[in-house]
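Same chain, two partners: chain A is paired with chain B first, then with chain C.
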Partner chain A sequence: MITQQLINGLMIGSLYALTALGATLIYGILRILDIANAAAYLIGAYVGWYIYLSTGNIILTFLGAILLAGGLGVLLQKTVYSPILAKPQVIAIIPLVASVGLFTISNDLVRLIAGPGTKAYNFSFPVESYRIGGLVILPSWILIFALTATLLLILWFILNKTKLGLAWRATAQDSEIAKAVGVDTSSAMALSYVLGYGFAAAAGIMVGILYNSITPALGEVPSYKMLAIIVLGGLGNPFGTVIAGIFIGLTEVLASVYTQIPIPKDAIAFVVLIIVLLIKPSGLISQKNKT
Partner chain B sequence: MKKLLGVLMTLSLLMSVTACASGGSAAGAASSGGSSGGDSNTPIRIGFFTPESAAAAAADGQSARQSAELAVKIANDAGGINGRKVELVAYDDGLDNTQAANIAEKLSTADKVDAVVSGSYSGPTRVAAPIFQDAGIVMVAAYAIHPDVVNAGDFIFSQSFPGSVQGTAGAKFAVENLKAKKIAIIGVDLDFGKELSKYFKSYAEANGAKIVSEDYVAMSDNDFTSIISKIKNLNVDMIYSANYYAHASEVVRQAALQGLKVPVLGTEGADSWQLLQTAGEYANGLYITTNMNRDDKLESTQKYIEEYEAAYKMQPDMVGASVYDAFQVLFAGFESVGTGDSAALRDYISSMKDFETVTGKLLYYTKSRSAVKTVQIQQVQEGAFHGFAVIDDSKIIDPTNY
Partner chain C sequence: MTNYLFSIASNVAIFSILALSLNIITGYAGQAMMGHAAFFGIGAYSAALLTNAGLNFWLALPACLIIAGICGAILGIASLRVQNDFLAITTIGLNFVMVALFNNLEIFGGSLGLATKKPYLFGQRMGNREFFFLAVLVVIAVCFLIVKMRRSWFGIALAAINNDEKAASSFGVNVSQYKILSFILGTAIAGLAGGIYSHRMGFIFSSDFAFVISIQILSMVVVGGLGTIRGPLMGAILLGVAPELLRSASDYRNLLYGGLLVLMVRFMPEGLLGDGSPLMRAFAKIRVSLFPKKGGQSHG
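And then the complex of A and B:
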């Protein structure tokens, strides 16, 4: 029983990590909490649904939605975030408020264009479920683990093995100095948005497949829960975010099954956040260990 | 700071009181002009509110709005009510209680409506009900199940049975037909889930069944994996799911995928084409308690289903059908007593008997203005809802027994 619940928690945690990874990458470079990342999650899920409905090809679904969301990310970075950040003496709340606005607009746009009703992915795996002893593992969970691992690997490769990744790391450490020594900070910022929004879109599709349902409300919970995860993960640290996501997933599942805490499951992430920050104000993984 | 807050609160209270008073006088003005209300040139105005922009409830809002428009269209195409056109004054409450209060104020003052249908959830409807009561305007709640809605006063009616009736009827079916002895309850953490579960539990336990677990899940949470894993270990013989369609869909999907093969009994919250889409083949076998019997041969039921599907290219659901019926109740009232006399309309509705609606026969109204109807047990068979059983025991379907 406990093993099954640990697997359940790992699955949910990986999903959280996947969801929060995009916003982490953006925070890492621009130091802004980008709520609109949840818009990429929502739009990615819908675009993916349309692609899957018309092609029936799941790889094309992921690629198409990731590319489109990545493009949207760069567009928003160039037209909204960079102009705001270029203004002298910008306080951090201004881009945050802008991102809340973008998120709200995207929610309503999706509802008006796609309609308020639920849409089903109806993606069927070749095997319904795997039974090992008394344990159940669903193929959709394996896909979540595989997707999170693949995206992390891609991220690790880009950040550590490419010139653009080097520019990203330099910009993340100190964008002013990086710019002064000739690092292409603009490309590094664009990279953050391509990956940040692309990853969010992948997470959106994954949730659509897992629950076989998407609605215009899909991005609401991630829009605030991912904040808890990225803060817990040490703000801007991708690997810290994965650990924080899994930590929160496990805590939520175990607390809701084995205790009688009268608070909603969604609030557990924030309770965990407060407790961890009281003990370790830099989050689970501190900034120094950044990629 | 506290003083400032106190002053502000007093001011807002005063303003709302004056607003209510002016609402009352507006209704009074409408009543005095109402004696000439039979004039075939003046349309009958019916106020309406439903959650259209709240993402989580927008699908119900759409269904409610479409059915309201269809009800008005069908009435007008048939020549109106006593030759008078019907006009819909519709608002989106965004599932927001403050917004619902503002809409209720506007409908009862500026809009000068003759009566109101609530196409919203219990929350906004509970807030709006006292405002219409104070203004002396009849409101019929289409599907809000909380008892506080009709408790607001003698001008407020429901169109369907309250949670007490539906929860108890579900428990009777579970214990007698499904022979359930060990039951797990999963409900939405809202008035809806809590109210239904409370009455389900009470009847089931009094009749020999044991409730071995109760889980209430927030509307925003879509994951039932861990709850189903837990229930699987409890060896239950039935799950009662007092959820809306998205959650009910996950309950049946997860149960099937994790290999928990027990009957699931849902409620009217699961009565939607959306559940059939998202749960797919896993929905087959699901029982629900609801008010609409899609297999009913009644002409009005079949006409509604046909016209709805033709107009909106989607299947009607419990929410839509209940809204449609709330309009039928008002239409019958206006046909008999005309407009302008809210008290006469109230008295007419109170005395309605055996009134055929899409969601079954409205047998009579209780003293607390709750509709008494039989409870339909529907089952999903081959991807569609079909009639399975009817709970018509008067001890169960009359809410005054609780």
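And then the complex of A and C:
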């Protein structure tokens, strides 16, 4: 029983990690809490649904949605976020307000274009479920695990083994100095948005396949839960985000199964967040490479 | 028809109170408060519970003001530890946790909501008109309080903290004390607005105090102009009346709302009527040309 719950928690947690990674990459460079990242999650799920419905090819579905969301991310960065950051800030949360506006727009656009009803992916796996001992393992979980691992590996490779990744890390550490020594900070920012929005789109499709239903309200819960996770992960630390995502997933599953607290599952992330922040204001995992 | 107009007008007035009170925390003290609706809700639910327990409405109002203020003081103390982006997320989280509690605890009526009795004024049951005048009175009182505050040491200290917290503290400004005070003041006033709201509506649900409402209040302040009195008032009127005018286009309401928000922060982050906004600069120019002797920059 407990092993099954741990596996459940781990699954949900890696899905959270996947969802929150995009916002982490963006925060790492631009210091923006980007709620609109959940718009990419929503749009990714819908675009993926259209592609899957018309082609039936799951690889094409992921690629198409990721590319489109990534493009949207760069577009928003160039037209909205970077110009806002270039001006002197009235208050620190102005970019956050902009992202809330963008998220509202995207929710409504999806509702107007695709209709308010539920859509189903109807993606069928070759095997119903695996049974190992007393444990039930769904093939969709294996897909999530595999996808999260693959995307993390790609991210690790880009950040650590490519020139662009080096630029990203330099910009994340100190964008002024990085710029002064000739690092291409503007491509580092664009990279953040391509990867950030692309990851969110992939997570959106995964959720669509896992629960077999998408609605225009799909992004609402992740939009804020994602924030709790990236803060717990130390804001802008991709590794910390993965740990925090899994931590929240496990906490949610275990707390809703083994305790009788009067709050719904989706609020648990914030209870954990508030407790952790009050004890350790820099998050669960603080950054090593920042001041 | 008049009842309908008074119902909209009292809503606008209640949101003016909320926008003005948020502006104390966000505009004057510069703190990233994203969960103002939580305190609106704390006030609304505590006033409703008090009057349902038999307390007079006019005594419940100051009580809910104090209760919300005490909760705000706790957040204020927490804000000393948790700052900027972390504070923004903590307050968002607080909003979600409060709504979850309103929605799940028996005492708050759970998902069924909570009914309130309409209070009496001079032996008459209060309607939308009376609530409108009550809310307007509170708006005037809050404006007066803010004018007073800005001219006091408290206001000057807040301006210093907002400008540069470290510099202010090195000049001997007690940053912690003033920050907490701004939280107490802002949240207490929001609680009062909640008390009026719950009795005007006659029924409250947890969703009335959701995160979306916090965003609406924040939008009013940002669209109108942070750190001014006219800004939040203008924002509350504009964003409060627009949905009624746009009723025919209600399908596109949120779209326009979000679009307005993005366009405002992208092209006019100081707000429509904020200090240094194009509108205010034009206004100052006209004033100088009309009254050359009195001229000068406006600082309302």
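Heads up, the rule we're going with is that the second predicted complex is superposed on the first by the 285 of 291 C-alpha atoms of A that agree within 3 Å, B and C clash if a C-alpha of one lies under 4 Å from a C-alpha of the other, contacts with A are read in each partner's own complex, and residues count from 1 in each chain.
Assume a contact is a pair of C-beta atoms (placed from the backbone, for glycine too) under 8 Å apart; a residue touches a chain by one contact, two chains touch by 3 or more.
Only a predicted model underlies this, so the values are computations on that prediction, with no experimental measurement involved.
By the touch criterion defined above, A:E128 lies against chain B but remains apart from chain C after alignment on the C-alpha atoms of chain A.
In the superposition on chain A, contact of A:A98 is made with chain C only, not with chain B. Once the two complexes are overlaid on the shared chain, A:T185 sits clear of chain B and of chain C alike. In the superposed pair of complexes, A:V257 makes contact with chain B only, with no contact to chain C.
Look at A:L273: by the touch rule set out above, it reaches chain C but stays clear of chain B.
In the superposition on chain A, contact of A:V80 is made with chain C only, not with chain B.
By the document's definition of touching, neither partner reaches A:T19: not chain B, not chain C.
Chain A has more of its residues touched by C than by the other of chain B and chain C.
Applying the stated contact rule after C-alpha superposition, one finds that A:T241 touches neither chain B nor chain C. Looking at the shared chain after the overlay, A:N107 reaches both chain B and chain C. Contacts of chain A with chain B, set against its contacts with chain C after fitting on chain A, overlap at residues 107-108, 264, 266. In the complex of the two chains, the chain C residues touching chain A come out as 26-27, 30, 32, 34, 78, 81-86, 88-90, 92-94, 96-97, 99-101, 103-105, 211, 215, 218-219, 222, 226, 251-252, 254-255, 257-262, 265-266, 269-270, 274. Remark: chain A residues 31, 33, 80, 83-84, 87, 89-98, 100-105, 107-109, 112, 224, 227-228, 231, 235, 262-264, 266-267, 269-271, 273-274, 277-278, 281, 283 touch chain C in the complex.
Put simply, chain B touches chain A in their complex at residues 52-53, 55-56, 58-59, 61-62, 189, 217-218, 220-223, 225-227, 229-230, 233, 245-246, 249-250, 253, 257-259, 274, 277-280, 314.
Interface residues of chain A facing chain B in the complex, by the touch rule stated above, are 1, 4-5, 8-9, 11-12, 107-108, 111, 115-120, 122, 128-129, 131, 136, 138, 211-213, 215-217, 220-221, 253, 256-257, 264-266.
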